[in-house]
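Listed next: structures, encoded as structure tokens.
Same chain, two partners: subunit A is paired with subunit B first, then with subunit C.
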Partner chain A sequence: MKKHGYGIGNMWYGVGNTAAPNPSGAFVDFLDDGTVIVLSGCADIGQGSSTVLAQIAAETLGVGLENVAVIAADTEVTPDAGATSASRQTYISGNAVRFAAEKAREQVIAQAAERLNLPADNVSLKDGQIWHQDEPTGTKIQDVIAQCRSKGILTLGQGWFNPVTTKLDPLTGQGAPYATYAFATQVAEVEADTETGVIEVKRIVAAHDVGRAINPQNVEGQIEGGCIMGMGYALLEEVAVNQGRIENPALSTYLIPTALDIPEMFPVIVEDEEPSGPYGAKGVGEPALVPTAAAIANAVADALGIRLYDLPLTPEKIVAAIRAAAEESELGLNG
Partner chain B sequence: MFELDAYYQPESLAVALELLAKSDGKLRPLAGGTDLVPALAKRKIHCPGLIDLSAVSELRAIIAREHEIQIGSMSTFAQIEEFLVIRNRFPLLSEAAASVGSPQIRNTGTIGGNIANASPAADMVTALIALEAEVRLDSSEGFRTVPLQNILEGAGKTHIRPQEIITNILIRPLAPGSRSGYIKLGRRRALAIARLNLAVILAVHENKISLARVALGAVGPNPCRSSALETTLEGQQISSTLVDTFASEAEKEVVRMLGSRPSVSYKQEAVKGIARELLPRLFSSTEGVVA
Partner chain C sequence: MLEGGVVGQSVQRVDGLVKVTGESYFAADEKVPAALVLKVLRSRVAHAVVKRIDISEAEKIPGVVRVFTYADIPGENSYGIMVKDQPVLTDKIRFIGDAIALVVAENPDAARKGAEAVKVETEELPPLYDVWSAMAEGAPPIHDKGNILTVGRVKKGDAAAALSRADVVISRLYRTQRVEHLYLETEAGIAYPEHNGLTIKVSTQNPHYDRRDVARVLGLPMNRVRIIQTPTGGGFGGKLDISVQCFLALAAWKLRRPVRMLYDREESFIATAKRHPFIIDYTSGANREGQLLAVKVRIIGDTGAYASYGPATLIRAAVHATGPYEVPSVDIEGLCVYTNNPFSGAMRGFGTPQMAFAFESQMDLLAQALQISPLEIRRRNILRPGSATATGQVLSDSVGIAKTLAAAWEKACQVMPGLGGENQ
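Here is the complex of A and B:
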């Protein structure tokens, strides 16, 4: 028999390394043809950080994304950005790039204010132009940079950011281990087959507070990927150990979901801007998978009326739990 | 990886058979290699040399005749899945082919290799056993045609002689109006080894089952027919009660077949679930009906 169930999982999760300094640095060079070069040690391992860092530099310097070249994770030339881990790169390296870009921007604005005879506070950079308050002045950014060069001024900035944390009190365990936190709620819908024990995840709704989505499509991709990884954790991933030896040390035997196992997913981006983040952004990498297994396990409990505490929820465990519950209720009736 | 003393890629069956006859058991035929090559690489199998059959085009033909369909042993799962005559006349066979591994494996693995590998969980074999398929084995001395179930001798074992190559699989057509289907239970929806598989063929006249063939896989050394389950269906009216009866008989049959194996407690329950999925599909719809 197939039984339907719904479950919810909630989480909050610290962004950055726990109770430890984890700074990131960046250099930004604004060239006289309007090109921006960003140097950051941030390794893009597929999560899209180079795109996000380019967007932050482009936004700060008022140029199009196509004008930004990111040189990332090359230890020969890039400053340390720490690890691509702890859901930290958008928040921490994003800030480093923003600060570096702001330094380069200040040089351009100072020159533009002098040239146009405007107070620097009212000058900004947007769409490749110098703006005065809400109006474009018609002066191109690259002409101002050229003017800087003619005077021997480089439009170059460096920046770094380290989230404010404290060590944890060794006696109480208390402190402020993270500068900011991500929050998420996911709801899973499952169909449980009481005979085959197969749990089919039908749908997942995943709402994530990311501060501000610098790249919404990228955030959705991270959320969907995280849900799939969390689903593997809930239903498939199992290390079989026999006398200290792992018996399934290959992807042919240690199973994760395939494209055919993926449920319908509905990512919901919640934007509650983080004051200390670049343009309000936080992180989403790990949070995307944290609540998924809990939501699925709760949905299974809802479907079957039986709560399991041991992941993964394999068909064998489901069938055994249903059988045990049936035997128990029979004993209860007889006794 | 692994080293071989000899590797041949003949372009005709005659040359392949001659090489095999002369090799004194030292050469093994290589079909798609999706099972054999990983086994060689992991040193689970040792063999001094291979005769790669991939260039023997005469083994790739699928020929539909009125009284039988002849499937060349080197036909891939993908070819079988997509071959229109098979889809129309033996839907369970294309369903079984579609359930194998991944697109990459289905483009490489072959029906002959699936038989020769003799896995207890072989997807195609369960369907072919239900179809009462025959296997043609050729050697340089001649050929013989044997019912598939007679050449399976246990997990990973067959009665194929060292100098023989599976050349064709022969299937007689089902009576018009027959319905057939295949279902597989794996740990996930692709790239999974069958925990159980079930193939059912029914001939139904006026809602009454006149003939039933049922084969089960991954419940013993090789997939096999279940006369008990066939008897449960034959002569009965199609109904939801019959689905329940079949499911509980399938449970008994799995217990009988698996004996004291540890997987029995799960599989005796699981077989009911796959039976409840497959049988109503065959009972109710026109899906899987032979044209």
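Here is the complex of A and C:
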């Protein structure tokens, strides 16, 4: 028999290292022709951090994304940005790049204000131009940079950011271990086959509070990838270790979800802006995966009326649990 | 501030085109003329002292250039992001897969034969394959300071008293498994001497940390070690640790020659960190209205042979153990324990997916006992602006869990036809 079930998984996740400093630094060079070089130690491992850092620099400097080059993760030329871990790079390195870009920007704005005889507070940079309040002035950013150079002024900024945290009391763990937290709710729908014990995940809704989505498609990509990884964690994956030896160190014996297993996924981006984040952003890399197995396990319990307490929820365990429950109820009836 | 710029836009990834066209060079694609190749001899036993290593036969094999052991490390023979407890090449074996010798050769075949020809004499120690035997009185210490690496505590209020007052108390034991990151690209890198120093191009999540520990192992100042991250085919936490970096560094620096190294899938499984298996003993208490009063949680994480990110995983697990709920009284303990198993470290979520499985199961069990819906019990307990966390941190801004719960439920009701009704 096939039984449907639904389950909720909530999660929270402190962004950055736990109760420990984890600063990131960046340099931003606003060049004569209005193009930009961003130097950051932040390693893009496929999650898209270089794109996000380029977007933050472009936004701050009022230029198109095509004008920004990010040089990342070369210790001889880029400042330390800490590890690509703890869902920290958008929040922490994003802030470092924003602060560095703001310093370069200040030089341009000061010169533009002087040149156009405007109060600096009303001057901004957008679309490659100098703006006065909500109006473009027609003066190009690169012309102002040329003017800076003629006066011997570099439009070069450095910035760094370390999230505000405290240590935890060693006995009670009391303190503020993170400057901000990401939140998420996932709802999973499963179909459980009571004969074979196979659990099919039909749908996952995943609502994630990321503060602000710098790149919504990247956020959705992280959420979908996380859900699939979480599904593997819930149902399939286990490094089998016997007497210290890994028995399945191969793709043929270590099972992960394939394209055939992937459910319909519905990412929902929630933006509850974080005031200390770059343009309000927090992080999403790990949160994407954190509640998935929990939601699936709750959906399986809902479907079967039987709850399992050991991950992964393999067909063997499901069938054994169904049999045990049946035997128990038979005993109950007879007794 | 002007809005409507490039932030908030789904722009194409800056590295998208070269990834799609295949122009992106991963570490194993790097062309390095005359590079030597490396092969690590790894232990086949889990716990032993190395008494003698004989490399003489191995070094006679045609194509083998050198064989290195622990005696050849120029600087400190230890690395680790949190605890410097892992040797590059070891004289004490702590898990099946520990690195004993590094063979440098002209070609992979010679490297493999060289590794097979190294003779290692060991004196075996009793292996500890589970956290209980590792924590037992009189257990042989895997590291000098004993087998309990860290104990993290989060305590607030009087959890025992609150649980005794609760209308419903749920206690369950949860177990989670060890898993592998399984990034498509296995660990790989190249290294070559350059400008009086050493350059390593490597697949990594952590280039500046790599520089610290490579400099430490070689005994070089940090400014003479350059780490360049190559395009990285996934990491998920598994490429935060040192893998090939110190092997590449040792060989390239001692021989003054370019070298390269690539783990095959089996070595990637055996020699790198896994997600921590947890044992979680979880007790929750709530009043009749479904309001959480207290939790008591004991978490034991098997960090295997080396610390890696184990202490960070267990303290994060303890700090997050309540879930995104306001719980007035907590008594939480997280233990990070050495065993002779493959080592555990960082993996996407750092202990929180394990905890979510436990705390969200507990929420459903409480709801069931109190005959309220899973949705409603969560609504009644979620963190809100002004809430205090288990560590006593009062949250003010960007506490989005009420919004995600509402948004997820609304979307789920639209796309999951069977949902709704009694579930609400």
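Here is the rule we go by: the second predicted complex is superposed on the first by the 335 of 335 C-alpha atoms of A that agree within 3 Å, B and C clash if a C-alpha of one lies under 4 Å from a C-alpha of the other, contacts with A are read in each partner's own complex, and residues count from 1 in each chain.
Going forward, contacts are C-beta pairs under 8 Å (C-beta built on N, C-alpha and C of every residue); 3 or more make two chains touch, one makes a residue touch a chain.
Keep in mind it's a predicted model, so treat the numbers as computed, not measured.
S.K.: Do subunit B and subunit C fit side by side on subunit A in the superposed arrangement, or is it a clash?
M.R.: fit
S.K.: Identify which of subunit B and subunit C touches the larger number of residues of subunit A.
M.R.: C
S.K.: Answer with first, second, both or neither: which of subunit B and subunit C does A:V239 touch in the superposed model?
M.R.: It touches subunit C, and subunit B stays clear.
S.K.: Is A:T139 touching the first partner subunit B, the second partner subunit C, both, or neither of them?
M.R.: It touches nothing on subunit B or subunit C.
S.K.: Now for A:Y254: first (subunit B), second (subunit C), both, or neither, which partner does it touch?
M.R.: second
S.K.: Which partner does A:Q147 contact after superposing on A: first (subunit B), second (subunit C), both, neither?
M.R.: After superposition on chain A, A:Q147 lies in contact with neither partner.
S.K.: Answer with first, second, both or neither: which of subunit B and subunit C does A:T35 touch in the superposed model?
M.R.: After superposition on chain A, A:T35 lies in contact with neither partner.
S.K.: Taking the superposition on A as described, I'd like to know which of subunit B and subunit C A:P216 touches: first, second, both or neither.
M.R.: After superposing on A, A:P216 lies in contact with subunit C but is clear of subunit B.
S.K.: I want to verify one number: the closest Cα approach of subunit B to subunit C after the superposition, in Å.
M.R.: The answer is 8 Å, the least C-alpha separation in the overlay.
S.K.: Residue numbers of subunit C touching subunit A in their complex, please.
M.R.: Those in contact with subunit A are residues 1-2, 5-15, 46-47, 81, 95-97, 127, 129, 152-156, 172-180, 182, 204-211, 225-229, 232-237, 239-240, 265-266, 269-270, 274-275, 312, 315-316, 318-320, 323-325, 332, 340-342, 346, 348-350, 352-353, 356-357, 359-361, 363-365, 374-375, 378, 382-383, 390-393, 395, 397-401, 403-405, 407-409, 411-412, 415-416, 418-419, 423.
S.K.: Per the contact definition, I'd like the list of subunit A residues that touch subunit C in the complex.
M.R.: 4, 6-14, 17-19, 41, 43-46, 48, 50-51, 54-56, 58-59, 62, 64-65, 70, 72-76, 80-86, 124, 126, 131, 168, 170-178, 180-187, 189, 202-203, 205-209, 211-218, 226, 229-230, 232-233, 237-239, 241, 243-246, 249-251, 254, 256, 264, 266, 268, 270, 272-277, 279-280, 282, 285-286, 289-295, 297-298, 301-302, 307, 309-312
S.K.: Provide the residue numbers of subunit B that touch subunit A in the complex, in ascending order.
M.R.: Answer in residue numbers: 102, 185, 187-192, 195, 247, 265-266, 269-270, 272-274, 276.
S.K.: With touch defined as at the start, can you tell me which subunit A residues reach subunit B in the complex?
M.R.: 193-198, 236, 252, 255, 257-261, 314-316, 319-320, 323
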